[in-house]
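Take a look at the structures below.
Each of the next two complexes has chain A plus one other chain: chain B in the first, chain C in the second.
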Partner chain A sequence: MTAEAPTSLPAWMLETEGGGIAPSGRRRRRGAAERTLDGVARALERSLFSEELAARAGTLQEMDPRLKTVCLAVLLLAALLVRHLPVLAAMYALVLVLAWASLVPLGRFAGRVWLFVPLFTGLIVLPSIFNLFRPGDPLLVLWHFGEGASLGPWQLPAELAVTRQGLQGALLLVTRTAVSVSLVVLLVLTTRWSVLMGALRALRLPRVFVLVLAMTYRYIHLLLGLVTEMHLARLSRTATRLPARRERRLAAAGIGTVLEKSQVLGTEIHEAMISRGYSGEPLTLSTFSLRPADLPPAALMLLSAAAAWGGDRLLG
Partner chain B sequence: MAETGEELVFELRDVHFSYRDHVALDGLSMSVQRGERLVLLGANGSGKSTLLKLLDGLIFPDRGSIHAFGRKLTAEALADEGLARSFRRRVGFVFQNSDAQLFSASVRDEVAFGPLHLGLEHREVERRVADTLHIMGLEHLADRPPYHLSGGEKKKVALASVLAINPEVLLLDEPTAGLDPKTVGFLERLLNQLAEAGKTVVTATQDLDLAAAIADRLLVLGEDHRRAGEGTPPEVLADRRLLLESNLVHDHPHRHDGREHRHPHSHLEDHGHRHRD
Partner chain C sequence: MHIPDGYISPQTAGGLWAAMVPAWYYAGRKVRGALAGRRAPLIAASAAFAFVVMMFNVPVPGGTTGHVVGGTLLAVVVGPWAAVLAVTAALVIQALFFGDGGIIALGANCFNIAFVSPVAGYFVYRLVSGRSPISSYRHPLGAGIGAYVGLNAAALLTALELGIQPLLFHDAAGTALYSPYDLSQTVPAMMSVHLLVIGVLEAVVTSLAVAWMQRTNPGLLFAAAPGETAGERFRLRPLLVALALMLVFVPLGLLASAPAWGEWSSEEIAADLGFVPAGMERLEGLWSGVLPDYGFPGGGEGVSQAVGGYLVSAALGLAAAALVAVVLAQVVRRRSSHDG
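Up next, the complex of A and B:
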C-alpha cells in the first residue's frame, strides 16, 4: 500500500497538452444505451423518491393511510373481478377523479400508465386477438389462406382475421391492468414511503413482507444513485461518441459494476440500520388516526367498488 | 447490560478477523476506558473500519473475544432483543460513507430513525430531533431528502442521526474525510464537548491533525493489521519511525540551498524550513 513516488515522470506527462478550449463544431451525441440507462434512472428517481406529491394537501394525502390502503385495495379487488369493459372504464374515471382531487398532475399520471401498460401487457395478449389461436366472429379479415391450408402439422383456418371476442378479451385485460396499476401508483404517490410501510404493518401484513418491500426500495434508490454517478464519471472521461458495439459493452460492464458496488453498499446500509436499532419493524413519527373528514372519500371508494361489482353482475 | 460503574467500555483479546481469505485484523488486543478520547490511527486498509464494526457488534471475530460493558459481544448475545436494544442505545456508530448511513426520505426522518427504533416515546423523539437539528445547524434542511445534500451536510446529518440516540460511546469512522476546514473545526469542537460531557469517543482516522486535536490516547494500526504502537498524542506524533512504518507520513526529498536531502514529512507541523516548490 506504500505509494512510492515515481522517480521520474514520463516525458509526455511533463508536456502541457491541448491549447485553449475551442469548440470543434461537432456535437457529442449520446448513444442509445447510455441515454436509456441514465434516463430511466432519473425518471424512476423522480417518480419514486420525490415525496413532493405526497406532501401536497390533497384528498388522498389527508386520509388515514391505513383506511386509504384498505379502500384502494378493495377497489383493486373489484377491478380484478369485473368482466365488462364499460364497468372498468367507469372505474378508471373514478381513479382519475381521485387523482385530480389529490392534486396529482393528470396528464403525466395517465400518460405514464397508458404508455407502459399496453407496451407490456399488449405484447402478451396481441396473439390472442387473431383467430389463429382462438376461434371467433371475424371483425377484420387480413389474409385468405383458402380451404384446407396448413402449416406443417398445423391446420390453418380459411382466412386470417381479427376476432371480436379476441379484441374484447385483449381490451379488457389491458384496461384491467391499467386500472390496477393506476390504483397502486396512486397509493404510492400520495403516501410517504415510511408512512406506507408503517400502514402496511399496522394492517398486520407480515413483518418479513414489509421488510422485503422496504429493503427493495432502498436498493432501487442505491442502484439509481450508482448508475447516475457512474454515468457522470464516464461523461467526464469520454469526449466522443463510441461505436454502438463498444457502447453496449461498456453499458453491460457498467451494470455488472453497479450490482457489485450495490451489494457492498447494501450490506453497509443494512449494518447502519441495525446499528441504530432496526429489527425489521418499520416505525414512523406519524401517528395514525381516523378523522371524520376521512369518511366521505372512504365511503365513495367503497361504495364505488360495491357498485362496480354489483353492476358487473347485473350485466351478466 | 445493566452493569454500571465498569471502567472498561471495550476489551478485546487477540481478535482476528478476515473477509473470506483476506486478513483485516491479525490478533489485536486493546481496551477502551470509560470517558476517554481514543483515536485509531492507521493507513488505508489497515483495518480501522473493520475494528469499529467489531466494536459496534455488526460483525464478530473469527478468533479471540470482545467484551462490551463487561459482557461478551457475540451474535447470539445480540440476538436477544432487550440486550440488543440496550447495547445499541449505549453505542452509536457514524459510518465513513454517509450514503450508507442515510436511507430515510427526509433529514427529519433520518434523525428520528434511531430514537424511534430504540423505543423512545414519540414526544421525546420529537424533542430530540428538534434539539439535534438545532445544535447541528440543520433546521433549514429538515424536510429535504438527505441524499441530495452536499458532503459536509450529509456528514452532519449522519452525526445528528447518531447523536439523537444520545449514546454514551461514539464510534466515528474517518469523520473529517473530504470535509472543508470550517466543518472540520466544527466537528472537532463538538467531539471535544461530548467528551467533556463524559462520553467515550473512539475515532478512526489517518489525519494526524485531527488525531492531535481530539485524542487523549492514540492507537496505531500497522499495515500488517496488528497494533504498531500506542501512547499519548505527543508521544506517538513525535515517533517519526513509527509513523513512517505505518505509512502515516511519507518521506520526501527537499532542496535546501541547492542540496537535496530526505526526511519524514507530515503536514502536522512546520518543520522549520520552506519548500521551494
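Up next, the complex of A and C:
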C-alpha cells in the first residue's frame, strides 16, 4: 500500500532564493531572473497537479472525455448567456458539486479560481460601480461634490455614488468569469492532456491541429527546463544585481537562444519522426467508448445548462 | 490583453471565431507549401517558444518587470502564417492551463494576438527592412517597429471589442451584462499603457533579440521559412477578384432596411437605445464625409440615382485605397532597389 501521492510540489521547491543581501545589509529586491524562475516553477507545478488529479477515480475522470468536453462546453456557453446573478450563483454551486464528486480538493480548486478572479476582474471592474464611470441609480452616496464641480477638464457629477446598475454589473461579471474559469479548470484537472487531445480529435478538430497541440505541450516542458537552466546558470555566476539595461540585453539574448533552440528542435524531431515511419499524416489512438455510467453526470450537466438558460429567460 | 470568458458576449466571440476560421485555413495552406512535412513539429516547437517567451521577465524603468508576447519576433523567423498557427496553439494551452484568456473568447484572443499582431508586425518589418543585407540595422529596427505596431494593433482591437459591449449588451435598467466600460474608457486605458510602456518594451526586446540573432546565427533570419522570407511575390489576382465582387454587391446595401452594423448615426442610436452616448454626440459633428451617405449633393432621391451615387462612391473609395497601395508599393520598391 503506497501513501497517497502528493498533489503538489513541496513548498521549498517552489521558492527561489531572494535577491540576497546588499552590502548595506538590507535584503535586495528580487530581480527579473528570480521572477522568471518563479513563473517557470509555478507552470511546472500546475501541470504536475493536473496530471495527478486526472489519474484519480472521480466522476468526471471516469467519464468519456468526448462527452465530458461537450457537456462542459455547453455549460460554459450557458454561463455566458445567462443574465441573472442568482442563476450564475446556482451554476457555481453545480461546479463545486462536480469538483467534489471528482475528488478535486475544493480549497485549492476555489483558491485557484478566486485568486485570479478578484485580482484581475475584481480590480478592473471596481471603478465601474461608481457613477463617475457609468451613470446609474445611486445606491450609496459617498461624497457630495456640489453642482458644476470639475476636476481639470472633467465634469464631475453632483455626488459620488455607488450605483445599483454598476454594482449589479460588476457582480455579474465577476461571477460569470469565476464560473467560466472554474469550468475550464475542471476540464483540465480531470483529463490527462493526451486524453483531452484524443477527445478533441474524436470531436473532429483537424488532425494536424491536435497533433501540434499535443507536441506543443511536450516541448513546453522541454523549453521550460532550458529556461530554468539558463537562469540558474546565470544567477550562480552573478555576484551582484546588473543594471536594468544589461538585464534587458540578457533577456533578449535568452529569448533569442530559446527561439533558436526551438527551431533546431522542430527540425530534429521531424527527422526523428521520419526515421520512425511518419509519412506526413499523423495517427492518433483514441479508443473511447460511452458507458451507461456516463449518463448521469452528462444528464446533470446538460439539463442544468438547459435549466439555467431557460430559467434565465423566464426571469426576464 | 487576453480576454477572459465573461468579458465579451458570446455573439461578439462568435463573430471573431468566424473571422478566425478563414485566417487559420489560409495560414494552414500557406504553411503547407512553405514547410512541407516539417510543419507540425516546427509549428509545435514555435508554439512552445511563444508560450515560454511570456515567462521571461524583463526589467522596465521604474523597478518592476514586464513580459513580452513575441509574436512579431516569431513571425520574423518562421514567417507570418506559421506564426499565426504557433501563437494560436500557445493561446489554447494558456487558456486551458492558466485560465489566461477564455475558451469561448479564444476566437477573439486569436484574432487580436495570433492573427493581427504577428501579421501586421511582420509586414511592417518587411516594409522597413526591405531587401537590405541581413547584417543591416534595418532588420532589428524593422522588427522593433513591427513589434510595436503589431502589439498596439492587438491592444486597440481588444479595447474596441471590450468597449462595444456596454453599448450592445445591457438590460432595461442599464446594467452592463458583460464588460462595463465603453469605448471612451477602454481605448484610452488600453492604448495609453500599450503605446507608452508595453509596446515600447516589446519593441526594445524584439529589436535586441533580432540584433542578437544577426550576430550569433544570422541564418535564422532567412532559413526557417523558405518562400516566406525570401521576397515572396505578392499575388494580385485574388485581391482584384475580391474587390470586383465587393463592388458588384455594394448596391445590395441599399436594399437592407437596417443600417450597417457599427455605423449607426446618432438618430438611429437614439431610436434603438433611447439615448445617445454623450461622447458620440460630441464627436459626430467632427467629421462629415466628402460624399455624405455615399451620395452626391443634389443627386436626387430616386433609387437609380441612389444606386449610381453608391457605385460611384464605392469606385472612388476603392480608387483611393488602390492609390495608397500603389504609392506604398512604389516606396518599398524604390527603397529595395536602392539597397540592392
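Everything below uses one rule, namely that the second predicted complex is superposed on the first by the 188 of 316 C-alpha atoms of A that agree within 3 Å, B and C clash if a C-alpha of one lies under 4 Å from a C-alpha of the other, contacts with A are read in each partner's own complex, and residues count from 1 in each chain.
Rule of thumb we're sticking to: a residue touches a chain if its C-beta (ideal position, glycine included) is under 8 Å from a C-beta of that chain, and two chains touch if they have at least 3 such contacts.
Since this is a predicted model, take the numbers as computed values, not measurements.
A.B. asks: Does the superposition put A:Met273 against chain B (first), chain C (second), both, or neither?
C.D. replies: A:Met273 contacts both chain B and chain C.
A.B. asks: According to the stated criteria, A:Val181 is in contact with first (chain B), second (chain C), both, or neither; which is it?
C.D. replies: second
A.B. asks: So, does A:Leu303 touch the first partner chain B, the second partner chain C, both, or neither?
C.D. replies: neither
A.B. asks: With the two structures laid over each other on chain A, which partner does A:Leu76 touch: chain B (first), chain C (second), both, or neither?
C.D. replies: After superposing on A, A:Leu76 lies in contact with chain C but is clear of chain B.
A.B. asks: Quick one: classify A:Gly225 as touching chain B (first), chain C (second), both or neither.
C.D. replies: first
A.B. asks: In the superposed arrangement, which partner chain does A:Leu265 touch: chain B (first), chain C (second), both, or neither?
C.D. replies: A:Leu265: touches chain B and chain C.
A.B. asks: In this superposition, which partner touches a larger number of chain A residues, chain B or chain C?
C.D. replies: For chain A, the partner with the higher number of touched residues is C.
A.B. asks: Pick one for A:Glu51: touches chain B only (first), chain C only (second), both, or neither.
C.D. replies: first
A.B. asks: Based on the superposed arrangement, let me know which partner A:Leu126 touches: chain B (first), chain C (second), both, or neither?
C.D. replies: In the superposed model, A:Leu126 contacts neither chain B nor chain C.
A.B. asks: Which chain A residues come up in both lists, the one for chain B and the one for chain C?
C.D. replies: 50, 218, 265, 269, 273-274, 278
A.B. asks: If we count contacts the way the header does, which residues on chain C are in touch with chain A in the complex?
C.D. replies: 4-7, 9-10, 13, 28, 37-49, 51-53, 55-61, 63, 65, 68, 70, 73-74, 77-78, 85, 89-90, 92-93, 95-99, 102-104, 166, 171, 173-181, 185, 204-205, 208-213, 216-217, 220, 224
A.B. asks: For a test of understanding, state which residues of chain A touch chain B in their complex under the given definition.
C.D. replies: 1-3, 5, 49-51, 55, 192-194, 218, 221, 225, 265, 268-269, 271-279, 281, 283-285, 287
A.B. asks: So in the complex, the part of chain A that touches chain C is made up of which residues?
C.D. replies: 29, 31-33, 35-36, 39-40, 43, 46-47, 50, 73, 76-77, 79-81, 83, 112-113, 116, 120-121, 125, 128, 133-137, 164-166, 168-170, 172-173, 176-177, 179-181, 184-185, 187-188, 196, 206, 208-209, 211-213, 215-220, 222-224, 227, 244, 247-249, 251-256, 258-260, 262-263, 265-267, 269-270, 273-274, 278, 280, 282
A.B. asks: Under the touch definition given earlier, write down the residues of chain B that touch chain A in their complex.
C.D. replies: 43-45, 53, 56, 58, 81, 84-85, 88-89, 92-93, 95, 97, 99-101, 103-106, 108-109, 112-114, 116-119, 122, 125-126, 129, 143, 145, 147, 161-162, 165, 223, 247, 250, 252
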